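See the structures that follow.
Heads up, the next two complexes both have subunit A, just with different partners, subunit B and then subunit C.
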Partner chain A sequence: MAEKKQKAAGLATYEPSFAKEVFQNVDYGEKIKMCMQCGVCAASCPLSMVMDYSPRKIFYMIRAGKREEVLSSKAIMLCTSCYSCKVRCPRKIPVVDVMHGLANYAIRQGYVPREETMLFGKEFWKQIVRLGRIDEKDLPRRYFFSKGLIPGVKKAMELADMGIVMLLHKRMKLLPERSIKGAKELRRMLDKASAMGPGGR
Partner chain B sequence: MKYFLYWGCSLEASGSNYLASLRPVGEALGLEFEELEDWNCCGASISYIGANDLSIKVLNARNLALAEAQGGYDIVAPCSSCYIQMVKVNHEIQEDEGLKAKINEILREGGLNYTGSIRVRHVLDVLYHDVGTEVIKSHVKKGLKGLKVAGYVGCQTVRPYGEYDSVERPITHDAILAAIGAEPVKFPKKMRCCGSGIFLTEMEYCMKLVKDILEDAIAHGAAMISTVCPMCAMNLEAYQHRINKAFGTEFDIPVVYLTQLMAVAFGLDLRADAALDRNYIPPEVVLKEVIGH
Partner chain C sequence: MSKKVGVYICAGCGIKDALNIDALANLASEEYSIDTIKTHENLCGKEGVELIKKDIEDGVNAIVIAACSPRVNYDVFNFGVDKVVERVNLREQVVWSHAPNDEDTQMLAEDALRMSIVKANASEPPVPFKAEEEYSKKILVVGGGIAGLTAAGEAAKAGYEVLLVEKEQRLGGFLAKNKKRVTYPYKELSDTGIDELISEVSGNPNVKVFLGAKVDEISGGPCLFDVKISQNGQEITDRVGSIVQATGWVPYDAKKLPNLGYGKYKDVVTNVEFEEMASQGAIKRPSDGGEVKSVLFIQCAGSRDPEHLPYCSSVCCLVSLKQATYLKEQDPEAVSYILYKDMRTIAQAEDFYRKAQRDGNVFIRGTVESVGEEGGKLYVTAQDELLGEKIKVENLDMVVLAVGMVPASRPETVPKIKAPEGAQGADAEGMIEVAPDSGFFANRALNLRYRQGPELPTLRYGFPDSHFICFPYETRRTGIYTAGCIRRPMESAQAEEDAIGAAMKAIQCIELTTQGMAVHPRAGDMSYPEFFMQRCTQCKRCTEECPFGAINEDEKANPLPQPTRCRRCGVCMGACPERIISFKNYSVPMIGDMIKAIHVPEEDEEKPRVVALVCENDAYPALDMAGVKRLSWSPHIRFIPVRCLGSVNLVWIADSLSRGIDGILLMGCKHGDDYQCHFVKGSELAKIRLSKVAETLQRLALESDRVRYVEVGIMDYHKIPEILDDFMKVIESVGPNPYKGW
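On to the complex of A and B.
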């Protein structure tokens, strides 16, 4: 009865199935239980004004069962990892880590909240798995061309000035990409970690 | 004092002026930096897109385990992103025996083990707490004579743990600037985010963040900006012309590393040690009274 009234008044009702899904599958997802909706995270976030939903709203929507809206929201991928929210949350929720966990889960579920950031992040991780380190000269190239030759050339041209300036100021590594000595062992560890963690790869 | 220097991926390329100046400054101050052998990337702030949290923890645990195996000295990270990744994982391992066991089970694949004994430090922490401003002052040969500098702290340098400085009102960066004769300006955006690892891919949003920081620093009298993180430095310096184009601004403010300013103040070589020639926006103009040309 109460629920009907709430719905009639246009208020969201609790719908626990998505929340359960988040608690079980998202890294740090369970921490959302602690949220008291104070909004300090939203007020502290440098990019909340360009997000479709603030972190506080995202947490509320998870409780309200808004699966589609949450997993496709750009908010979950616009975290700059500045840790303002994590520092200030009165309930000690590691908001940054929850947002990262949500982004990782959304991508695994086939959502693409922010395409460019996703492509860059994927290439970033691939390079770590392959080399154990990031090569700042090869990573952008791989990211530029991750959507194919023509978009790659376009993107490379747009940012060519940066590359040239970096090169001229000795802020680009000229040696070809090289892996760490323990790259093989590291890959074995990462394979195991991705199978063991709640996130998985 | 001896430390493992974990300089990270950026300092080998876009942050090469940081590494180039950190080494001679450290040497002048009697800090012995040894490279952590066969270190791997920390995962930075973007790996969550392709990896689960445990994988990122393992990346950092491997470096911590290597430090234990290679002698157990404190790890010094000049990059704020490396620093916070490693500090975070270290905390979590030290506070959670279950996690530690899980991670060690994984580290065994590479013949490694981590007990949790390593201390992870930011360069700012070592300079302020281990060396101290008095000792730094005693090395100054060419004081920066009231040069107005915005000591930009950024985010991951002190947040979220605040192990060596306040997370809301940090003082260490400004104290070192003052020790080398500069005049640190107060500016409210000193802790505001530059966009970090998503700047390149979310430029339309992040340019505004940097514009606000630059505007704030300049409005409070800064002639240059000092940073202690390669990502802050990159985002604040390399995109100024793009921001000018997008917002009709006229930014042309030099962005240097604190260690570059220290090298200048210590009277070290301006190219080989201070690496001033590696900055996109030449800092020499602002420094001309100090360096004499």
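On to the complex of A and C.
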């Protein structure tokens, strides 16, 4: 109620608690303390034009305590790990890790800011765990049809041209791919890693 | 001094390939009856110099060297202080910048030689000034803060006696009131170290400390400063050699800042007050002594604001970071917000900013709007630049205003004096506000008994005029050097360095003056202006126009020159309408003779003649550089180097015009707020005087276009041909001087 009143008056309040939350729960979260708001990350990011908030703004908003806006932002889901930002940050903030960490945290907190990214991510991960590699036909198939038959067929039709070219150039197999050698060992490694907890500690 | 003149022409550096050297030698012999005329392939070499030295042994005592620019090889052509040496700039300004083997180039070389011979004949070697009174080598340091203490300590360690005058009852200034200091290497807080410095300096046997004292009066000049110090009703007099003013700063008055709640809410304090609180014990809420869990620092409180202090005080950002660190050390759970316009961490202090960030302080970039109170706690509203919205930070226990530094010299209200006749802006009582660059503006610290005012003239914002960007410790009063925050806002490590520099300059001044030499910028110059008082008409132009206030005045308005205060610029010489001022090697008749020595061709020969008076600091080097770059310009211009355009006496213009010279060009350094003129006001005065010449010219039926003043910076060498040829075009269009051949 008080928050609504303030929003109506056009005054945002500075709240240090969300920042503390991020420092404790997000991978490398405490590094954002060092951000000096230079904007190089925002300027380098190839996706900044489709992000609702640039990485710089995300960090500032965390420090200002804007929990809702940050955890429900599309920006944190759109990071493609190109590393342009991380390489250039003058304060050596691992921007990529923080963005992914925030996305992870947001999902754990029950926010789903960009459904497609989350669905694709889940399917991608499931394949890796099962096969140790990606099956070029199978992954898109599972992703397209994850939302239902009709949307799946529609999407597949849209990308039919590219699919045929890939088949002709032997980039895609009609039959299912086999797994890597040692897929079992990989699964054991992944199990151990997730047992170690976030940040590998 | 009876003169035996020797003329030496160098054939090297391309001179013999461009000029007829024999013709030059003949000229010296026929027109000036000089017996000793020698030529050499390489005059600056060992053999060439030996040649000259041999002639000196045979009696030559006025040496005219027709070779390269006087700005080079002055060490090679140094034959002792009792000889007259004149340099003819045949290389850079004749051979390298004009067509070889050309009639006009030859005429140019001939005139240059004539002028130098005439000057050599008229010049006398300077005799260094030595006052009858005893010279002192002591140094007076006014102000006992970190700058004053460091200056005193360094001068004492160098072996000089120091008098250190401090108005408070204890030394240390503002640094003594600090809890900690942030200094090199700017990674963490360090102890102020002020107590050690105080005991080191007070303990030095060369230093005499006067606490609770002030300077009542200073009269005299370098090496002869008679100082009266008053302490507890007692008066102490002494003579000192030079002075370092390190009187420091005061914080900007926070009561003048609207909307920030200072004075209204007890928990709103300035950075100075916060520091004092922290240094005396724990940080507590001033209103009720309660815990401090959150503080907001408002940066640039009254700084970088045209309504308050337009400048940045450079240290306030670091100070707030330091104070936020105090709070974190006292209570790791406490939060500091820092509301800033820009985060300015000077020197290498970025590391300390990083530390403050690592500690978890919150940095908000924005502009403060108001400070208010709600439920016993403070809140601050601001426009957050990075969020793009208005924000409110609530539940603050304290708000700290990071106010800037005001130099101790800046008066609260501008002083007024009786307006001179005809002055504009006088109020009902005939009083007018004093200009900042007058010696009557600044708050009293030195109380100089100088005709031009008791304090150092100030430049912008009330800081003493530092005279020149390259010479930071210099002021417009010879022998007085400023150090520390009085000069500009600076942090403690910089103040220390500043003080060491000022101490060195103070020592330099003493050592040069005892030898009768000038200090900056004509360091080592032993000539000084002499006044032929019988013809003085007490017009007061020299006493008013001297840029350094070096001339006192008695009740009858007679000038009382103080040679140790003089910078030897010659502005007084240029000002005097009766022409009673002269130097042994630089005078009005000397330059007049040089002008008269120029051969002015008849009107029908269609060779115009222009005299260019060129200042030695910026314009002459620019000309030389243009020559080095082999740029070219009209051969009809005759260059006469002068010490400063301010030393140009208007009679030279009359002399030139009456000889049939078609035009006069004055080339000098920039003046104004960002002045380059080494003598501060010289070129400005030249410009003002020229504006009065226009009227005289009209009465003589001469076009005022014939006389032009042009600003030439030392880097403007590439513009030289354009400037000169432009002027020649104007001269050609107004036509030849009708007084030719008279």
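Assorted remarks:
Note that the second predicted complex is superposed on the first by the 181 of 201 C-alpha atoms of A that agree within 3 Å, B and C clash if a C-alpha of one lies under 4 Å from a C-alpha of the other, contacts with A are read in each partner's own complex, and residues count from 1 in each chain.
We take it that a contact is a pair of C-beta atoms (placed from the backbone, for glycine too) under 8 Å apart; a residue touches a chain by one contact, two chains touch by 3 or more.
Predicted model only: the values in this text are computed from it and were never measured.
When both complexes are overlaid on chain A, the residue A:L47 reaches subunit B alone and has no touch with subunit C. In the superposition on chain A, contact is made by A:T80 with subunit B only, not with subunit C. In the superposed model, A:Y14 makes contact with subunit C only, not with subunit B. Of the two partners subunit B and subunit C, more subunit A residues are in touch with B.
Of the two partner chains placed by the overlay, only subunit C lies in contact with A:R91; subunit B stays clear of it.
Of the two partner chains placed around the shared chain by superposition, subunit C is the only one that A:A64 touches, whereas subunit B remains out of contact.
Judged by the touch definition given at the top, the superposed model places A:M34 against subunit C, while subunit B stays out of reach.
By the touch criterion stated above, subunit A contacts subunit C in their complex at residues 6, 10-14, 16, 19, 33-37, 56-57, 60-61, 63-64, 91.
Contact residues on subunit C toward subunit A in their complex (touch as defined above): 335, 337, 343, 353-354, 357-358, 360, 362-365, 381, 384, 386-387, 389-394. Subunit B contributes residues 9-10, 12-17, 38-41, 43-55, 57-59, 62, 84, 102, 105-107, 109-111, 155-156, 159-160, 162, 167-168, 191-193, 195-198, 200-202, 205-206, 209, 238, 277-280 to its touches with subunit A in the complex.
Of all residues in subunit A, those touching subunit B in their complex are 27-28, 46-47, 50, 77-84, 86-87, 94, 96-97, 100-101, 103-104, 107, 114, 116-122, 124-126, 128, 132-137, 140, 162, 165-166, 169-173, 180-182, 185-186, 188-190, 192-194, 196-201.
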